[in-house]
Amino acid sequence: MKVAIIGGTGYGAVELLRLLHIHPYAEVKAIISHSNAGNSLTALYPHTDGFVEGTMETFDMEVLKEQVDFAFFAAPPGVSRDLLPELAEAGIRCVDLAGDFRLKDPAVYKEWYKLDAASADLLERAVYGLPELNGEEIAGASFVANPGCYPTATLLGLLPAVHNGLIDPSSIIIDAKSGLSGAGKSLSTVTHYSEINENVKAYKLGAHKHIPEIEQVLAGVGGTQRAVTFSTQLVPMTRGILATIYADLKTDLSEVELLESYENYYHAHPFVRIRSQGEWPATKEVATSNFCDIGLHVDKRTNRLTIVSVIDNLVKGAAGQAIQNMNIMQGWEQTAGLWMLPVYP
Amino acid sequence: MKVAIIGGTGYGAVELLRLLHIHPYAEVKAIISHSNAGNSLTALYPHTDGFVEGTMETFDMEVLKEQVDFAFFAAPPGVSRDLLPELAEAGIRCVDLAGDFRLKDPAVYKEWYKLDAASADLLERAVYGLPELNGEEIAGASFVANPGCYPTATLLGLLPAVHNGLIDPSSIIIDAKSGLSGAGKSLSTVTHYSEINENVKAYKLGAHKHIPEIEQVLAGVGGTQRAVTFSTQLVPMTRGILATIYADLKTDLSEVELLESYENYYHAHPFVRIRSQGEWPATKEVATSNFCDIGLHVDKRTNRLTIVSVIDNLVKGAAGQAIQNMNIMQGWEQTAGLWMLPVYP
Amino acid sequence: MKVAIIGGTGYGAVELLRLLHIHPYAEVKAIISHSNAGNSLTALYPHTDGFVEGTMETFDMEVLKEQVDFAFFAAPPGVSRDLLPELAEAGIRCVDLAGDFRLKDPAVYKEWYKLDAASADLLERAVYGLPELNGEEIAGASFVANPGCYPTATLLGLLPAVHNGLIDPSSIIIDAKSGLSGAGKSLSTVTHYSEINENVKAYKLGAHKHIPEIEQVLAGVGGTQRAVTFSTQLVPMTRGILATIYADLKTDLSEVELLESYENYYHAHPFVRIRSQGEWPATKEVATSNFCDIGLHVDKRTNRLTIVSVIDNLVKGAAGQAIQNMNIMQGWEQTAGLWMLPVYP
Amino acid sequence: MKVAIIGGTGYGAVELLRLLHIHPYAEVKAIISHSNAGNSLTALYPHTDGFVEGTMETFDMEVLKEQVDFAFFAAPPGVSRDLLPELAEAGIRCVDLAGDFRLKDPAVYKEWYKLDAASADLLERAVYGLPELNGEEIAGASFVANPGCYPTATLLGLLPAVHNGLIDPSSIIIDAKSGLSGAGKSLSTVTHYSEINENVKAYKLGAHKHIPEIEQVLAGVGGTQRAVTFSTQLVPMTRGILATIYADLKTDLSEVELLESYENYYHAHPFVRIRSQGEWPATKEVATSNFCDIGLHVDKRTNRLTIVSVIDNLVKGAAGQAIQNMNIMQGWEQTAGLWMLPVYP
């Protein structure tokens, strides 16, 4: 199958390229970049030497319709909103790694993204691409909104507890830590090496645009969902998200019972691994892989549940999950091209 | 004033040495090390070349009583419990950087430290050395229990809110991130560079021995205190703790009112700096200094308060605070030898 | 083909496991660990969860002969010396990632490794597994000595210049920088996170056991070879070696001519990539891959050549090259299971 | 004494501020910033909260002449060239941390800095501020050109050997590794965290503007000096330079003799520390301090000397050395405000 990557010069794009290169059924046919059309990707990323032919292209709707069967949008917000619908209409299935089609309510999108939303109708038709939740809808989708990196780690950590009504939905607090690649390739003082090295920094408290995404999905799963408290912190590493999630248990459940409940929920989902009692995952244990590893802790003294959930933000939090979605959309095994050991150490 | 450092080869000891070297009134006269007596500290720490004369000594109670006026214990748990009382009895004022005299209840110490406690009487006489809370008692103390690193960041973040009854004491959740120097100089797999670099790792969830210390102090300040939820995570940097603290507000307070309340509480305390509205501190902004910087966020949607509190774990979380305590015990200005800009970047 | 990994708990072994898992023709059948027999690898390395069945086994010569067709030794020096010969004799082809069969002269091995060497006869039969140099001999070998990590980066950087007699062999100076994974998984003060983070440290100047390996190979290529000056430095990262190599040019060659000479030399060797004039590789551009990237600089003022050569020490410097050797020994394409984009960023 | 910092928002300026704050005789009276006049430094650097009053000012020659007795220029190249002479003329002694007055030959400055040079007369009057070399001239100087960071580490490593004629001046090769703070606060792709973390990167081979500075000084010391080969590499840390320097010994000297020669040369220079035989310094052992630590190795097989020299690029490589120069110019002890233990770990 021939594939295009639209928005070819960010970290999401080069991660797609890396993973698609070893995919058994898909092949990258075009890399589209508005700002770098005519240039070679290798000039920007010497590590790709020998793996990309030709130069990056401008976006041309008609050429693309001829050229490829599938497209990944890895562009900034607003781009897929404008370009994806026509492509999808023409039968080119798409996965959007940006946030343009994640939120169902146009007003909410506008509030958090400060941009006009796609039409309510298009937003309704978009399938939220969390395979462990929406596998069937994804299989039938013409286009999929790939979840954000923080929502992926958070939702996979919460789904079994919320779905089974084990926790008080108004008590959820998410303390997330992310490596710097989540901030992308654009330069800024906060991502300047000397500023963030040897540093942990809280940012966008209560203001991150992944908040409504998390709340929308939890409401869908749990019936009612109150607002969550969500904090983000940058830690000095390149890849990885660790979300520590706190919630009050509704009933008196033991760690063993909770772990069993999580194991059952993810029984058919190969990319979620549950840790044994008394063990919690570290980000490095999933680095460069599509896994989400989860550990639990019950504080008997407060009857509070602590969930530790880790992903590689560029894989399960972006390019890997996008390919998992493509696999499901195409009817391939969802692990195709993704069943690899994490790089360690 | 002549000072001894007892337990001379850990990171706490060399940080004491660094800070005492520039102290206007105190001078290190003896460095005591059980395991390294007879050796030069410079052989272990080449960076001290030119700053220490002679070799490390064994602990000799009688010699010490002659030699010094003040002692810092920077030894593992159990050592100060056995040695400090006699020294204090002889009029040598002491600050203990270990946890042997922090907890008032011997049974609680035994439960969390897995060691026999000092006598209840001695524990009662020990003053908990958080200067922003116990300044007067510290001034009159014969020996002081220096707070743990996590409790320092946590308590300074919580004191104004708990003291003024602004938050529900049963709702407190502390998510703390620490650099690796907090784990000390002893080798372990978890502190092996290739294992923890590019990694964030949760550990000792609900089992860290700083938990009872935090609860004891909060109970003293707030009247009643229920159990707190306390999580610790290692982040790949050497120095620094960032504690993100969550609690439900009892009444409807704005960020401005809360910041004012914090400013008032710490008005006379030079080492606590409160950030402006919408700003939160990063660990690097206090690195190598005795500051604790604090920022607040109120999530109006959940009426929950988020407190971000940062310290350098080896300074305000250990050696710096110990010297601040010494300053107060001696009647000197508490900033003596400590009023320095953080190293940045 | 069924494969054994002998010495199953070091970083070389888990890297073999990662790479062999995606190999099209080879399958790991046994993981041998003296110290951890009976335990699961996943207990030591949670990232392998789902990828290894059963437990690690003790070394049993007879069982192994039945069980596998090929063996990788990833054990400390001395182990392969004792066990490999009988296995190879029985027709099990082997690659040794340790240094036991790299040096031809038993006395030199003893001098640098402080261990007794294998017999001169066995050392003579061992093929030095640098595929870009010894492809034909490797194809026919019953066992191969996989090069050290520093020699791989160094030799690939020097081969074209030495082979073509372009540089004065007595003028070679190698300044090598390595990440910490090269020091392995054993604990030591130097690999303790707080000691080596934010630090660059020279070590084993003139005393590294990779020195005779480099000199032996260069002598073989260049006819005569005088001693090289070789310095090693640890830099705060997990993976990667960058070797900066200096040598006096014998004649007046331009950068363009030298680059052409390098391009020609490596024409048929897919894992060596030569950078354009004025560009030099960085370690991250080959991370997790089997590539060696090389850049050149000619200082016209001194007529000296500077060569910058980078590898991932665990891949081209260990497990990846071992698999490349296996591929050649088995008559498979040498890129089998190894033709992947580096992980970036 | 009242001091101005001109160019107040770079890392050199905040490091001057940190060090001057604890200086016994000097006080910062004005911080001059062209681009940030009217703003508070604390808005840019929250870590300075409580240490700076008022806002940054524009450069006003007349005001400055009234206001201060001494000025540090920490501005980009070209600024001190234009402003320093008039200030110096008015009797305000100056130290220039930029490169505008380091090179004696205007043509050489223009070639390497791509800017017009100050007049030959002014360049001649400028004293090169390496206190271990030019102490007397500095004492009498009206303005001093503070050395570059790389030249400081390199020259201190080479001075005894060159001065005593121990090495062949045409054989000198300098392989320098630097942390990222040396690249300053300006944003660039190469200093973007995700790009340079877990990475070692060679840059500006043979083209660094510190090359003529090194050669000029060595020629002055050694009589004749041929071109040096000088390579620079970025390593993933914030502070520190480690220079590994190679040179052929002219005669057959032992490590002991060489170490003795170095000890003698630096006998009266408190900021240079020579390591014992078989030991080499690491950058962290001088971090945040004004020390330059040096270790030696003689390779008997090649009769080549390897020198390892480390500094903190922002202290001995910039602000610390500038203050050391001020101390000497003012007739104070050169260690005033600088005699501190390095921060470790």
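In order of appearance the chains are A, B, C and D, and numbering begins at 1 in each one.
One rule holds for everything that comes next: a contact is a pair of C-beta atoms (placed from the backbone, for glycine too) under 8 Å apart; a residue touches a chain by one contact, two chains touch by 3 or more.
Predicted model only: the values in this text are computed from it and were never measured.
*Asks:* Please identify each chain that touches chain A as well as chain B.
*Replies:* A chain counts here if it touches both chain A and chain B, which gives C, D.
*Asks:* As a test of understanding: of all chains, whose mean C-alpha position lies farthest from that of chain D?
*Replies:* Following the centroid criterion, the farthest chain would be A.
*Asks:* What whole-number Å value describes the gap between the mean CA coordinates of chain A and chain D?
*Replies:* 46
*Asks:* Distance from the CA centroid of chain C to that of chain D, rounded to the nearest Å?
*Replies:* So the centroids are 39 Å from each other.
*Asks:* Calculate how many whole Å lie between the centre of chain B and the centre of chain D, each centre taken as the average of the chain's C-alpha atoms.
*Replies:* 36
*Asks:* Where does chain D touch two or more other chains at once, residue-wise?
*Replies:* Within chain D, the residues that touch at least two other chains are 11, 179, 181, 194, 197-198, 236-239, 281, 284, 287, 345.
*Asks:* In their complex, what parts of chain C are in touch with chain D?
*Replies:* Going by the criterion above, the answer is residues 170, 173, 175, 177, 179, 194-195, 197-203, 205-206, 226-229, 231, 233, 235-240, 242, 244, 246, 280-284, 287, 295, 297, 299, 301-302, 304, 306, 308, 310, 345.
*Asks:* Write out the stretch or stretches of chain C touching chain A in their complex.
*Replies:* Going through chain C, the ones touching chain A are 11, 14, 17-18, 21-22, 45-51, 181, 198, 238-239, 270, 273, 275, 279, 281, 284-289, 293, 340-345.
*Asks:* List the residues on chain B that touch chain C in their complex, please.
*Replies:* Touch list, chain B to chain C: 11, 179-181, 183, 185, 187-189, 191-194, 196-198, 236-238.
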